[in-house]
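Per-chain residue numbering starts at 1, and chain names A, B, C, D, E and F are given in the order in which the chains are listed.
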């Protein structure tokens, strides 16, 4: 199982933001995506997760191997922490949410309504969802926002456990994640020079 | 898929989830009708089947934007789209959940409101039957509209605008069945047509909804 | 002759339409002036309808365009969905307001005609009703285009709406027919063929219809050009933004 | 001016309303066409100058 | 304060801002009435004034949740509350913006819809007058409801539920003026009462709205 | 001009989260609020901004001297960057938005719709709003989330300029802000021990 991305071009709002991006990730490896604001990290991750199409190039992995987590955590504020997690677990045919709760220190909070969590607690719940998807590739967009240092360490431990069990991770961030492994990819160098995507190019320029 | 159905119903039943609100809206609008038309009961009884159908339709309409927009806003829709269920299945389940939590209670409560509007006695049966047959089409068409307007902030009103003309055939046949029932005329033809529309939309429209949703998630 | 798909290239389309437009506009103007002046000044009154028959020169052509405008949008939407030619989607977008205006004209002239003929401005006659529904479809279509920012997304969504809407418009047409048998004229231009005055009304009506068709084409071409230019401008601004 | 009889008002208003709407649509389309054309030219010039 | 008014109107007029959608909804619901009641124009003309009032009220109602909820969601409301304008002023201005962008267009378009519903000729004047006098009360009461339900996700339906009973007096007197106008009866008494309700709500309700908003922001 | 907070108690969702919190800030000083997730930082800041009442103690400064910025930036996605800023400027009777645009490097983006900004760009716009409020006390909740290092530096510069001109700032964060000045207050030590607030206490216990 490996992820091969070759000559990828991605666009946002009709504007190509990155192009010629290639990388290669094998089981057990992580990739940290960095780059200044507006450089296209979020866009790249959405393409990897299959939420929007690439305008050029290929991604070797089917979207149904990808677990995606972005700024919005997809929590239902009326449901309890455990119910939220249980839903995603059932959807992915996973039966036990215990390890996920434990990994992000949510056991004490499990009966709390998700709406009554603080910003960091919400984030932890959003990340715990990854563990119940049972998917090999994690694609994470600024996962440690609002987390305190203890929670960041727990996150790093969860990612490392995932990698050890043969998983992969692509993580966009501006912060230090405390991961021991992990190559860094700076997307700034792949900034697109041809502004719009192919078909539009010919049509309207 | 069943997990999604259970969750949607559960969410609707929780506090603030919107179950019962469509119902209450229906009740209140029907209560307002005599205030606006005047209390003449002969007049009311003539318009009762039509007004009840229209009210049920509006109550359905107003709850449409909960079908997908809530999931869109908190990011669940992105995650559901990457989950291992086909989008066609997802929109069908969502339409079903909407029907169960919104349309079905409406149907069950109509007889009570019929009394308020002096619906003739023979009208009750056919009114309820026409609603039972017609409302699934309303939910499915509504899901299509919700999928079209999903990414638009407070798209509720636009959603109504798009969906209402699509509701016209259902309303015409449904209200016709109810009216004929109340006047003790034969109802077969419009009832059959209503059933045909419901079957057609339930079978085909989810594909359009899924296509539209895919575009919107892009 | 080159393939018709060549005109799907915006630049080629702009060039060609620039060449065609002046002639088309002139033709539309001539036909409309001739038809309407002929109809208004030089036709006799109908023995039953009196001078109101003159309204037919506006009412029938606009009704014709209103319906066929939607058909054109449907075809353009299908082309966009299947072959993804941007010009096609933009043409559908350009045609919608024109079709909507024509629908309004047909509705208004019909209503004004109805007052003396039927004694009421409006009746829930099937033909009239289905026209009202058509108007609602136009409104929804235009509103959807306006509400979505991304051009391709909007094109996709409105195309599918047009498709589904067409099916439902047909459905409502039959539903409405079933619901009420109305007052309106039958749908045949030979309504007065039995009368010996038929041709007196018929020929100027044909000229007006041709004029309306030409006007429709001219307006749609012009508005499509505008949409293409606006689109190109957005693309250029986007490029500027990047550098 | 032809003799319109008792229906003069109906006929004249329908002509007036329709012609007004048509003229309005045409004028608006032309105005917008001109505006967009000018705006595009400006952007194109700017793009050319900056390479 | 004027800055807020300008911004709200500007936002409503922008693409996706919702101007015209209330109008379109009104149009469509009124067009659906005959489909549900049947095409009999004598019947339609009897219920026309009441139905038009009810329709205008519903169209107003549906746009209420744009008054405050949008600002709440993106955090503007917190910031507006800490800005140097009194909350009473803020809610009044927001009600005014709602009236300008939603209610006023409705009033202007009612005569056209009167035609569709075969409203008797003498009814137009009083219908429009009653709406002009009554709709400001609808906007102000609606703002109060919006302030009550701000903070509730997709509170639209709950909002309708809370506001509809408050709308009853306005509807009763307004529809009465319109109906009497259409039947060529004297309208003074209900019109005066309607005017009194409007003045009272416009003068007093903003204080309640501001108080409620203060609680909700807490 | 100074901020004196004494014996403050704050509650969230009917539960007292902090109590006995006192501090003192004079013109030109900044306070960095730290504490693990769920410790009550956000709640404290909302009390300082006057958005919710304190359950005990006093805050010396009237809420109309406070400019508050939280996770939600209060942006209207349909309006352009300049229009968004202009609105807040007008509301606070400030006339020039130029310096605010410049401080957060938004000049190139000023005609862009706010909806078409990336996460970090949105944040910058939200922070630029502070400069057009002309208020002495800035109360900021995790201001540098999603910002790249350049933007963090710009933020630090803006805060320091504000302090130099006699302003004050209270900033809750888990991250390093790059501020040279600034005392640190860890709220964990003020964790409430009496669970509910006074009046409830008597009523139900």
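Rule of thumb we're sticking to: a residue touches a chain if its C-beta (ideal position, glycine included) is under 8 Å from a C-beta of that chain, and two chains touch if they have at least 3 such contacts.
Quantities reported herein were computed from a predicted structural model and do not represent experimental measurements.
When every chain is reduced to the mean of its CA atoms, the largest separation from chain C belongs to F. The greatest number of inter-chain C-beta pairs in contact is found between B-E. Chain D and chain F, compared by their mean Cα positions, are separated by 52 Å. Centroids built from CA atoms put chain E at 45 Å from chain A. Each chain gets a centre from the mean of its Cα atoms; for chain C and chain E, those two points are 34 Å apart. For chain B, the set of residues touching two or more other chains reads 16, 73, 152-153, 158, 161, 164-165, 168, 172, 218. The set of chain A residues that touch two or more partner chains comprises 13, 71, 77. Residue positions of chain C touching 2 or more other chains, listed in rising order: 133, 136, 139-140, 143, 147-149, 179, 232, 236, 239, 241, 243.
Against chain A, the residues of chain C that register as touching in their complex are 9-10, 84, 86, 149-152, 228, 231-232, 234-236, 238-239, 241-243.
Chain contact summary for the complex, chain E toward chain C: residues 15-16, 20-21, 24, 27-28, 31, 34-35, 39, 41, 44, 115-116, 118. Partner chain F is touched in their complex by these residues of chain E: 3-4, 7, 10-11, 14-17, 71, 73-85, 217-218. Per the touch definition, chain A reaches chain B in the complex via residues 49-53, 63-64, 66-68, 70-79, 83, 87-88, 90-93, 129. Per the touch definition, chain D reaches chain C in the complex via residues 1-8, 10-11, 13-15, 17-18, 21-22, 25-26, 29-30, 32-33, 36-37, 39-40, 43-44, 46-47, 50.
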